[in-house]
Amino acid sequence: MTDAGRAGLHIAVAAALAVAAVLVLPGALELFALINATVWAAMALLALSLAFAWGAGGILCFGQTAFFGLGGYAYAVAGINFGDGALAVLPALTVATLAAAALGWVMFYGRVGDVYMGVITLTVTLILFKFANSTAGEQWRIGAAALGGFNGIPQTPPLNWPGDPANPLTPEQVFVVAVLCLFGCYAAVKLVLLTRFGRVAVAIKENELRAELLGYDVRAHRLGVFTIGGAMAGLAGVVFANCVFVSPSMFSLAYAGQVVIWVLVGGVGTYVGPMAACVALQALASWAGTVPGFDPNLLLGGVLLAAVLAVPRGLLPTAQDLLGRLRPSRRRPAEPKIAPAE
Amino acid sequence: MASRRPLRQAEVLRTVETKMILERRGLLKLASTALAAPAVMSHAALGADPVKVVGIHDTSGGLDIYGQPMVACLDYAVAELNEAGGLLGRPVQLINYDPQSNIQLYTQFATQAATRDRAAVVHAGITSASREAIRPVLRRYNTLYFYNTQYEGGVCDRNSFCTGSTPAQNVNKLVPYVLSNWGKRIYVVAADYNYGQITSKWIAKYAREGGGEAVAVDFFPLDVTDFGAAIKKIQAAKPDAVVSALVGGNHVGFYRQWAAAGLKGSVPVASTTLGGGNESLLLTPEEGNGIVSAFSYFQEVDTPANTAFLARFRAKLGARTPYLGAELAMRTYTGFQLWAEGVRRAGAIDRMKVIEALESGITHEGPAGRTVLDPKTHHATLDVHLARVENRGFRVLQTFPQQPPSDTASVCDLAANPGSNQQHVVDVRT
Amino acid sequence: MDLALAVGLQVLTGVAVLVIVSLGLAVVFGMMRVINLAHGEFMMLGAFAAVLATGAGLSLWVAMLLVAPVAVGLFGLVVERLVIRRLYGRMVDTMLATWGLSLALVGGMTMLAGNSVSGVSAPLGSVAVGGFRTSGYELFLIGAAVALSLGVWVALRFTRWGLVARGTMQDAETASALGVAPDRVYAVTFAAGAALSGLAGALLAPLSGVVPTMGAAYIARAFITVITGGAAILAGTLSASGLLGTVSTLGTFLSTPVLGEVAMLVVAVVLLRLLPRGITGRVLRRAL
Amino acid sequence: MSAPLLATEGLTMRFGGVVAVDGVSVSVEEGELRCLIGPNGAGKSTFFRCLTGQYRPTSGRVLWRGRDVTGQDPFRLARLGIGIKTQVPALFDGLPVVEGVRLAARRLHGERESRRLADAALGRLGIAHLADRPAGLLAHGQRQLAELATVVAPRPDLVILDEPTAGMGTEETARTAGLIRELNRDHAVIVVEHDMQFIRAIARTVTVFHQGRVLMQDSADRVLSDPRVRDVYLGRAAA
C-alpha cells in the first residue's frame, strides 16, 4: 500500500471511531463521565501536539503546556471581553501559534541543542506558571477579564454557536466539539506528512546535516513543525477551558511532565500511541487516586521509569514489532518510524 | 456573564438513575455506565435512602493543615446526627473528597458531587480560590453550597451560605488591637490570591480609620517558603507591627524565619489566619508565643458548651482527635448544624425549600456560641475572639459577642436581589 | 548604608542557596553528561533523613552534615546501578528515567510520610548586622556554600578521582585511556552528586520546611543554574549562581518574590540564547 | 574569460590560537575534476567545511561563479547547485533509500520528475535493488553509494566528496574511482582524499595541502613525483 493509501485508511478508521464516539457516548454516559471524557479528549489533543513536534520534527519540548495554557488563557480573556465564546477561539489559536513561533525562532535560529531546548521550553513554561500565579491583584486585568492569579478564571465562558452568545453549548455538544477537534488534528498531521514539508521535516529528524546539505532550510522546517504543534496545543487549551476552567496549573510542571510521559510511553514517532497512552494513563491515575493511601505519582513515575528502561521506543512500536514477528509472511523490517503503521 | 444552561430534565433523571449502580471508580465508570444504564430500576420506593452530603476539603498538599481538622469535624457532625436518628428519618451519607490543594480538582469534585452523587448539600472549600472555583459549578447544577471558613467577605449568591467570619468581624478587631497596643505603622504580608489581596485592603482601611497606616503590602504565592529577602525588606521599612494574611503550611515558614532573625521581640506579629489550622502547634513557643489572631472560635474558648463538645469529640475520636485550632474546623461543624436545622424546618431536602427555611432566621447555639444566619446576605452573625499564641495554644484575650457581617451587608441584599451570584469586592478605599 | 548591607547579605544568601542547590546536579552533569531530574527528590530524601535522625535523638548538626549525605549517597549508588548505568550516552532517556524516578519518589514518600509540611527550626539564633537583624543560619549557609565549593575544588584538583573527572570533562576518551574503570568512576561520581544533593536538602530544610513535594521548588532552579553555567562544574555553578542569585534577589527586593524569580528565569533564557552552551561553554572553558 | 565555478581567496580559519587553514586560494573550473590531498591535519577537512558552509571562515572569501558566498548556511550553498557528500555517510537512516533520493530531487523538481530522477540516480549507481531498504540497514559500501545517489539526483553543477573511499576495500575503491570519472561527465567534482592509489586512478589536477596552506598544485603525475610532496606526505605514509 502506498503511504497516501495507508494514511487514508487510518484517517477513515479514525473518522469512523470519531463518529461512533459522537453518536454513542453522549447518550450512554452520565454527565460526569462525559465531562471527564471531554477532558481526556483535550488531553489527547495535547499529547498529539507533542507527538507531532517530537515525532515528526524531533523537537524535544518539555514545555508543550506553555501553548496549552496560553491558548486557554487567551480564550478565556477574549471570551469574557467579547461576551462570545465562539469569537474567542481565533484569538486563542493566534496567541498560541505566535508564542510557539516566537519561542521556536529563538531556539532554532539560535541553534540551541536538544537538551538545552528541553531546558528552555521548560523554563518558559515555568515563567508563565509563576507569572500567571502572581496576577491576583486587581491591576492584572485585560479589558473586562481579571487574570485572577492562583485562582485562575473560573468565569471562563463556554463555547456557543457562532453569533449566538446567549446560547452556550451543552456539555454534550462540547464533547462533540472536542472529538471533532481531536479527529481534525489527527487527520491534519497525517496529511501533513504526505506533503513535501512533512516529508522533509521527518527527513530532518532522521539526519539534520543531510537535509541541510540537500538545500532544505532545517530551521524553517523545524519552526514550522513546532508552530503547528503549538497551535494544536493551544486548541487543546481551548477545549480544556471549556470543560474545566483556566488556571495557572495548566502551565504546571506536573502537566508538562505528563505530556512527555504520554508521548514516550505511547511511542515517539506514532500518533495513536501517545493519544492512547494519554487516556490509559489518566484513567489509571484517576483509578489509583481512589485507592486509599495510594499516591498516583508513584504509579506514573513507575510507568515512566519502566517505559524508558524496558520499552524505550514506546508501547505501540514495540507491539507492532512483536506483531510483525508473529506474521513473518509480511516481511517489512524496521519500519520507517513515522508515516506508516498505526 | 452567561452561565451554562441548566440540565435538561431528561439528563437529570438519567443521571439520578445511573449513578446508583456506579462504583466510585473513575476507570470503570465509562464501561459500566454504558452497559448497565438500561437495566436500572427506579429507587424512589426505598424510603430509607441516605441523604447525601458531600465534603470537599484538602487533606493533603499545602492546605492540609486546615483541611484535616475540618474533615474530622464534618465526619463527627454527621456521625452525631446519624446516632440521633438521622435527618427526616433518613440516614445521612457523607462523601468526602480530597482535592489535594489543587484548584482544578475542586471543579471536578464539585461537578461529581452535583451530577453523580446528587448531593443535597456540599460543604466545601478552604481558600477563596477554591470557593470561587466550585461556587459557579454548584450554582449551575442547582446544588446547595456551604462555605464554612473565615474569608474576605462579599459573596452574594442565593445558592451559597458563608458561615465563617469576614473582615468587618475579625480584621476590624485585630487591627485596632495592633494600633493601640503596638503602634501605628503596619507592614502587611499576605497570600497572593483573592483572599490576601482583598483582606490586605481591609487591613489598610481599618489601619487608616484607626489613625495608623499600612506602610507596605507584600504578596506571596502559596508555594513560597523562603522569606529571607522579605524579612530584610520589612526591616528596612521599620514598621511597628506586622499583620499577616499568609495562608497554608508553606507560609508557616514566615513566622519561623521571623523568629530566627530575632525580630519577634522588636516587631510583634498579628495574623488574620494563624490558628485556622495547626500552625500554633507547628511553631515552637520561641517562634509562636505572642502572635495575636482574631477568629469566631478558638478551641481554648472557655464556655460550658465548648467544654462539653470537646469532651464528646475526644471520646469519639480518641487518639485521632485533632487540634481544632481556630474557626475553620468548628465553623464546618456549625455550618453542618445550620443546614440540618434548615432541612428540619423545611421538612424536605429540596434545595429551594431548604434555602427558604434557612432564610427564615435560623439560629444555632453550639460550642462556638450563638450563630445567626442573616437572610439578606447568607452570612452569619457570630461571636469574635481576640487571642494570643501561648505555648502551642491560644489564650483568649477578649470576646466581642454577636458581630454582624456588616461588610457584606453593605453590598449585598439577597432579599431584594435574589438573582445575584457575584462576589462583590467591597470598595475599601473610602 | 544599613540597607545596602542588608541587601548585600541577602544577595549573598541567595547566591549561596543556589550554589548549594546546584552543586550535586552540576557534578553529575559535568562529569557524566547526565541530567538528574530526580535531584530535587534526592534533596527531599536528605531533608527527611535529617528530620528522622534528629527525631531519633541525634544532634541536628550530625543529622544534617553526616546522616543526610551518607544516606542519600548510598541511595544514589543503588540508583546508578539499577537505572543510570543502563542508559549511559542516552542523555534524553536518562532525563526521562530520572523524571520517572522523581515522580515515584514523591509518590512513595507521600504514602510513607503523608503530604504535610513538617518544619525544622533554624539553629544558631540571630545576628545584628548594622541596624538589621538576620538569622545566624543564613550566615551559616553562606559559609556552607563556600566550604562546599572549596571541597569540590579540592576533590577535583587534588584527588585521583578529580583527575579522571577533569579528563572526562574535556574528553571522555582520554579518561578511559587513563586506565580507570569508567563504571566505577561513574558510580562514585553519581553517588557523590547524590550525597551533595542530600546534604543540600538537609541544609535547606530549616528554610523550606520538609514535605515530599519540596523537590519541585528546587529542581527547576538547579537545572537552570547548571545549564546556564555550562560544562565546567565549579566555575559554571559559581558564575551562574552568582548571576542568577543576584538577579532574583534584587528582583525580589525591587518588586515581588514572583517577579524576582521570573526575572531570573528570563535572564537564563536570554543567556542561553546568546551562549547556547552556557557561560563556561564560551568563556572560562578551561576552568574546573 | 568567465569566473571560475568555485574559488577561494585567502581563506583562513582559526580555532583559538590554532590556524587550521591559512590563506588558501584555490579555484575550480566548470566541469573540472579536482583532488585535494594532504596528510592528516593538513587542513583539508576544515577547508571542506568552510566550502560547504559548516564553518564560517575567519577571513577570506568563497566565490561561486564570481559571487561572494562566504559563510552562507549549508542549505543556501546547496541551493546554488553544490552537492556535498560527507566523510561519514549522512543518510536518513529511518527512511527507505529511495525516499531520501526523491527528497533530494524534490527540492527543485515536481513530484513526478523527482521520482524519475531518483530511479535514474539509483540505477546509475547500481543500487536500484536497495530502493526500499531503510538506509539504516545498509552495509557500509552500500551506504556510500546511497549517499552518492542522493547527492547526484538533483543534478548539481558541482559535487564535493569528502574521502569517498574511506573504509572501502580495493575492489570497491576501484569501482568508486570509475564512478567518479563517470560523474565528472556531467558534473564538476572536487574530491578530498588521502588514498594515493585512488588519486592516481582519477585525478587530473591535484592540490596538495600542508600545514593549512597550499603546498603545490599541478597535474597528478607531477604532484605524485614531487619530492616535497613525498617528504610531507608520501614519506610519512610509506613509513
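By letter and in written order, the chains are A, B, C and D; residue numbering begins at 1 in each of them.
Heads up, the rule we're going with is that a contact is a pair of C-beta atoms (placed from the backbone, for glycine too) under 8 Å apart; a residue touches a chain by one contact, two chains touch by 3 or more.
Composition by chain, UniProt nomenclature: B = Urea ABC transporter, substrate binding protein UrtA; D = Urea ABC transporter, ATPase protein UrtD.
Predicted model only: the values in this text are computed from it and were never measured.
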Chains contacting each of chain B and chain C, listed by label: A
Centrality ranking, top chain (CA atoms only): A
Whole-Å separation of chain centres (CA-atom averages), chain B against chain D: 76
Centroid distance [mean C-alpha coordinates] between chain C and chain A, Å: 32
Interchain centroid distance [CA atoms averaged], chain C/chain D, Å: 48
Separation of chain A from chain B, taking each centre as the mean of its C-alpha atoms, in whole Å: 37
Of all residues in chain B, the ones touching two or more other chains: 192, 219, 221
Chain A residues counted as touching two or more neighbouring chains: 130, 133-134
In contact (per the touch rule at the top): chain pairs: A-B, A-C, A-D, B-C
Residues on chain A engaged by chain D in the complex (per definition of touch): 196, 199-200, 202-203, 206-207, 209-218, 333-338
Footprint of chain C on chain A - complex, ascending: 60, 106-107, 110-116, 118-120, 122-124, 126-127, 130-131, 133-134, 253, 257, 260-261, 264, 293-309, 312
Parts of chain B lying in touch with chain C, wherever the complex brings them together: 60-62, 64-65, 100, 192, 218-221, 223-226, 228-233, 235-236, 249-250, 252-253, 256-257, 259-263, 266, 282-284, 286-287
Sites on chain C touched by chain B in the complex: 2-3, 6-7, 9-10, 13-14, 17, 110, 114-119, 121-122, 124-128, 131-138, 206-209, 211, 213-214, 217, 249, 252-253, 256-258, 260
Contacting residues of chain D [partner chain A, same complex]: 52, 73-76, 78-79, 83-84, 86, 90-96, 99-100, 103-104, 106-108, 111, 134, 136-137, 150, 154
